[in-house]
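You will see two complexes here that share chain A, one where it goes with chain B and one where it goes with chain C.
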Partner chain A sequence: MRPLLATLALTTALTAPSLAGATEVTLKTQLRNYGGKPAFLAYYVTDQTGAYVGTLWMAASKARYIPDLTDWYRYSGGDMNEISGITGASVGSGRTLTVTLDLADTLFDAGYTLHIDAAVEHYPASPSEIVLPLTREGASKPVSGRGYIESFSYAM
Partner chain B sequence: MKLLLTGGAVALALGAALAAPMLAQDASPDERVIPVRQGEAHGERHGAFGWLFGQDDDDHGGRDHDHNRDHAGRGGDHEHRACGDDDDDERGARGSGSCEQRGMQNGGPPPDNGLFGKGMTPKAQVN
Partner chain C sequence: MLRVLHRWVALPAAAVLVVVSLSGVALSLFPPLQAEGPSSLSVGELTSQVVQALPGTTRIERSTNGEITAIGFGDNGFMQTGIDPATGALLGPTTPSATELWIETLHRQLFTGDPGRIVVALSSLALLALAVSGIGLAVRRAGGWAALFRPARGRGAGRWHLWFGRLALPVVMLSTLTALWMSAATFGLVPDNPAVPPMPAASGAAARDAALLPGLDVPVSELIGLDLPRQGDPAGAYLLETYQGVGNVDPGTGDVTGWVPRSLSDRIMDWVHLLHTGQGAAWLGLILGLGTLGVPVLAGTGTLVWLTGRGRRQSAPPETARTVLLVGSEGGTTWRFARTAAEAIEAATGAPVHVGPLSSYAPDRYPQAERMVIFAATYGDGDAPASAKGFLDRLKTTPAPQMPFAILGFGDRGFDAFCAYAETIRKAALEAGWRELAPPGSVDRQSSGDFHRWGEAFSAATGLDLRLGPVETGETSETLTLLSRDDHGDEVQAPVSILRFALPRRGLWRRSLDRLLNRGFGSFAPGDLLGIVPRGDDRPRYYSLASSARDGFVEIVVRRMPGGLCSGQLTALQPGESVAAFVRANPAFHAGPGTSPLILIGAGAGIGPLAGFVRDNHRRRPIHLYFGNRSRQSDFLYRDDLARWQDEGRLNSAAAVFSRGPERGYVQDALRADGPRIAELVASGARIMVCGGREMAQGVGRALSEILAPLAIDPVALKREGRYVEDVF
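After this line comes the complex of A and B, so read on.
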């Protein structure tokens, strides 16, 4: 019985951090009616030193225009492996993109910053249109972008 | 006098015959025919006119055609997956999810960059 309990305790201890270490987070982005083609959006995170950490999502229907997400491209070096499995369609004018992800708890209240780049074919690019510290207190508080993004908020 | 006129006419005729081909060559640069060799027409750069065919096939600022970037996600060494990764805006999905302009999309396993929970599948919806 005692070895069984010890094994159970060990496996629980090993499993618990991965279960407790992530929270479901919903990123909601409402675009303005800018009237052009669907917008490309890149969501990525930098740390307290301003260094690129990784990408959370990319809405981009055509790979060829991804370099127009200029800050993301500069931070990531244009490494397409960064967005494998986390890409979706670009977002039409006036539409809303809702992305649901399990994000590491360590991203919040630890000096990390969320950036959103936006780009539309034939329109000016809008790098780092949203720059927002990732905090639990900031959840569900909408912010406006200066270009294509009418409002953005994250909920957890 | 007659000899002088005849000589002048011969000189004029000779000059015109020599000058005509040169004038004809330079008359309309736009109409020059540029020979296209095999392989030049899709971005490879050979010879003096390679630049003409090395440009992108869209109107996006004349960006050079980068095959690995532009056609990524089609197998071979194009490892990354980008949604709707095609030459046509209106075409459908490739890579992660169905890529409709509206509706639910499911991503694949995200990169192991420490940002995501283990085993999660990202979901996105455009309304």
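After this line comes the complex of A and C, so read on.
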């Protein structure tokens, strides 16, 4: 597990120069007009056995509310080291978040699954709101969430 | 020091504290409205019912109020459905109360996020400092811890401040300490990382009815939240969080895995949350809300205390003072002399002077002091005045101070006990090894001549050049116009008049302010004193008031003394003529709150305040009146009024005795004749109030001793408790 995680951590550094064996991937998340405070979002990957691999991105303006991203918190063990350097602001109701990352080629078509947890202050948490296999074929095909996410897609 | 801290913490924090406390009071009303009854279901049974009705449920929550909510996500986002905890039946869609959320946001962060949270936390810290310093100030003012639990004395805003402060104290302490704990958790100062079990490995067994899963067989009252396995997710498990801990429950086998007991910090937080919000104990919340109402009241009364005190010259803190001037005063006159003396001493020594009540005396409070000056009035027959409570005991139990002392007594030469309390202090101090700085002095009836003579003697003994200025009277006289007079007693050579004056005309603002500050003609009660400065003299004479501000007039009873300057002028007044007068508070001789019976005893003009108490007895408290006069025909004061008040139920019984005529007797004879009833009344908590001449009061005292002896009740003890008070002239 560790070597893959190391690769992943390395490749998700936004400022890192393009590496051989990496692909530029854009994650686009459009939120519903749910009317509440900005949403916290966690993007992370599990493998074919359902085990946690690593985190791609975290939209969370306050560390205090990160435990509300309940599945991420359980998968990662609440380890804040997992998200250092890959954290941005929370996303307002109805807004769109676009994040571009260099992801290892080996993450695609290899049984890995992308999870997105969403949480909004004073509203119910929506863990694993989106659960999506990472495949080249699935790129640019929008899927919708069941709670706060109107649509999500990744483009390579 | 304590007072300075109390004031300068309170002033900046007051506005925030008022907002936070009022929003807190509002929030305390929600739990009683929301609280749900108990449930006999298990979590498994409840879940089974909910899932049948709402298959899309992803989470079931129980609020601290006992409300159960099923959460699911549909086409239009999340849906929350209320569930009856008793039956598991659906109650319909719920939304969080927007009003409650709005108030909560105000209460926690003043709508400004983290900066607001910090301001609220700091104001809580300020409130804690105010509570602690307030206790210190109250203890010092009362003269000891035990005295804190007795009725508050004094008047005006200060009295209310103390009264509400004591009442609100337990709630304020509880709310503040719990608030600070929650703030600390919010800012990560106390450990608050929720423990969670790791993601479970799937057992692979087919999902069963939740009602049959042993892991979910816990009472609903224990539930915090249950996350349901995602539909069609073979790896899913129930995540069960209860007040005991959190763990995974396998949907196929019902086995609990990865159980993490609830952490100590979570358990503490559960209690802190309950004690702060009353959620889960609605009655407690209501008590907290009610007590929290005290905070705005305290802010208001405290501001008034500050505003009233601001005009006064500031006294140096005891720690830096070179001269310590301690005052034992009942009404406040002696304070005015003390302030004049403090100014003169400060000018003569060029060093700070601390002026404080005798009750605040503590030998180690004055590290810099070189001399102590004590101004002591006498209350009644040589008793300690209000602001000297506990001083003598402390004098006897603490080592003598290094600095020498000088004492000046204030009193009235008309009394046997002239300056008796000052003399008692002096004797005790000399016995305890205190050194005397200057010969003792005495001031008769606020005589400025006596005061200045003492100043000269003090200067001669100490070598200081003390130049005492004029003593502020502090009272501004207003013009009272005589409405009517009711004359009696001419036939028995003891002319006495009931004089009724109109209240001075004043603007609404001034009237309201006086009423609020409980001062002057805006708010006086029977037993307070009307000060009148006669033409041709500058020394005021005091008459006990026979009416209250509520009556809408100012009434006194005046006996014309042979050669009396003031009484002569007053009894010569004709309706329409006026006189300059001011009100002096005399809280020791108020009927006071409470419902215990009053035994009123008086003679001659002393009937005045007693009649005032009866007239003011709107609450129909039991009152028994005993009074003496000379002649039923000539000076039976208030005869018709007393009969009417008895009919109206304001007066239970009145016994009149006359020293002339066939029935001949004194008021003490009436007391003795009624001894058993009086003893019974006193034993049941009655309060005795005596008003009249000194000899009469002594006679009454002897009669009461005899009457109360069989019950082993000591009149002296009654006096100490404030249940036997005298207004003697």
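We adopt the following convention: the second predicted complex is superposed on the first by the 137 of 156 C-alpha atoms of A that agree within 3 Å, B and C clash if a C-alpha of one lies under 4 Å from a C-alpha of the other, contacts with A are read in each partner's own complex, and residues count from 1 in each chain.
In this section, contacts are C-beta pairs under 8 Å (C-beta built on N, C-alpha and C of every residue); 3 or more make two chains touch, one makes a residue touch a chain.
Worth saying up front: this structure is predicted, and the values here are computed from it rather than measured.
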item	value
Partner chain in contact with A:87 - chain B first, chain C second, else both or neither	first
Partner chain(s) touched by A:103 [first = chain B, second = chain C, both, neither]	first
Which superposed partner A:130 touches (first chain B, second chain C, both, neither)	neither
Partner chain in contact with A:114 - chain B first, chain C second, else both or neither	neither
First (chain B), second (chain C), both or neither touched by A:64	both
Residue contacts on chain A - larger count, chain B or chain C	B
Shared contact residues on chain A - chain B and chain C	64, 67, 78, 122
Touch list for chain B against partner chain A, complex	56, 58, 60, 63, 66, 69-73, 79-87, 89, 95-97, 99-102, 105, 107-111, 113-118, 120, 122-127
Footprint of chain C on chain A - complex, ascending	32, 34, 50-52, 64, 67, 70-71, 73-75, 77-78, 122-129, 131, 146-148
Complex interface listing, chain A residues touching chain B	18, 21-23, 37-38, 45, 53-67, 78, 80-92, 95-104, 106-107, 121-122
Residue ranges of chain C touching chain A (in the complex, touch as defined)	58-59, 71, 73-74, 77-78, 80, 96, 101, 186, 188, 193-194, 196-199, 201-202, 227, 230, 235, 239
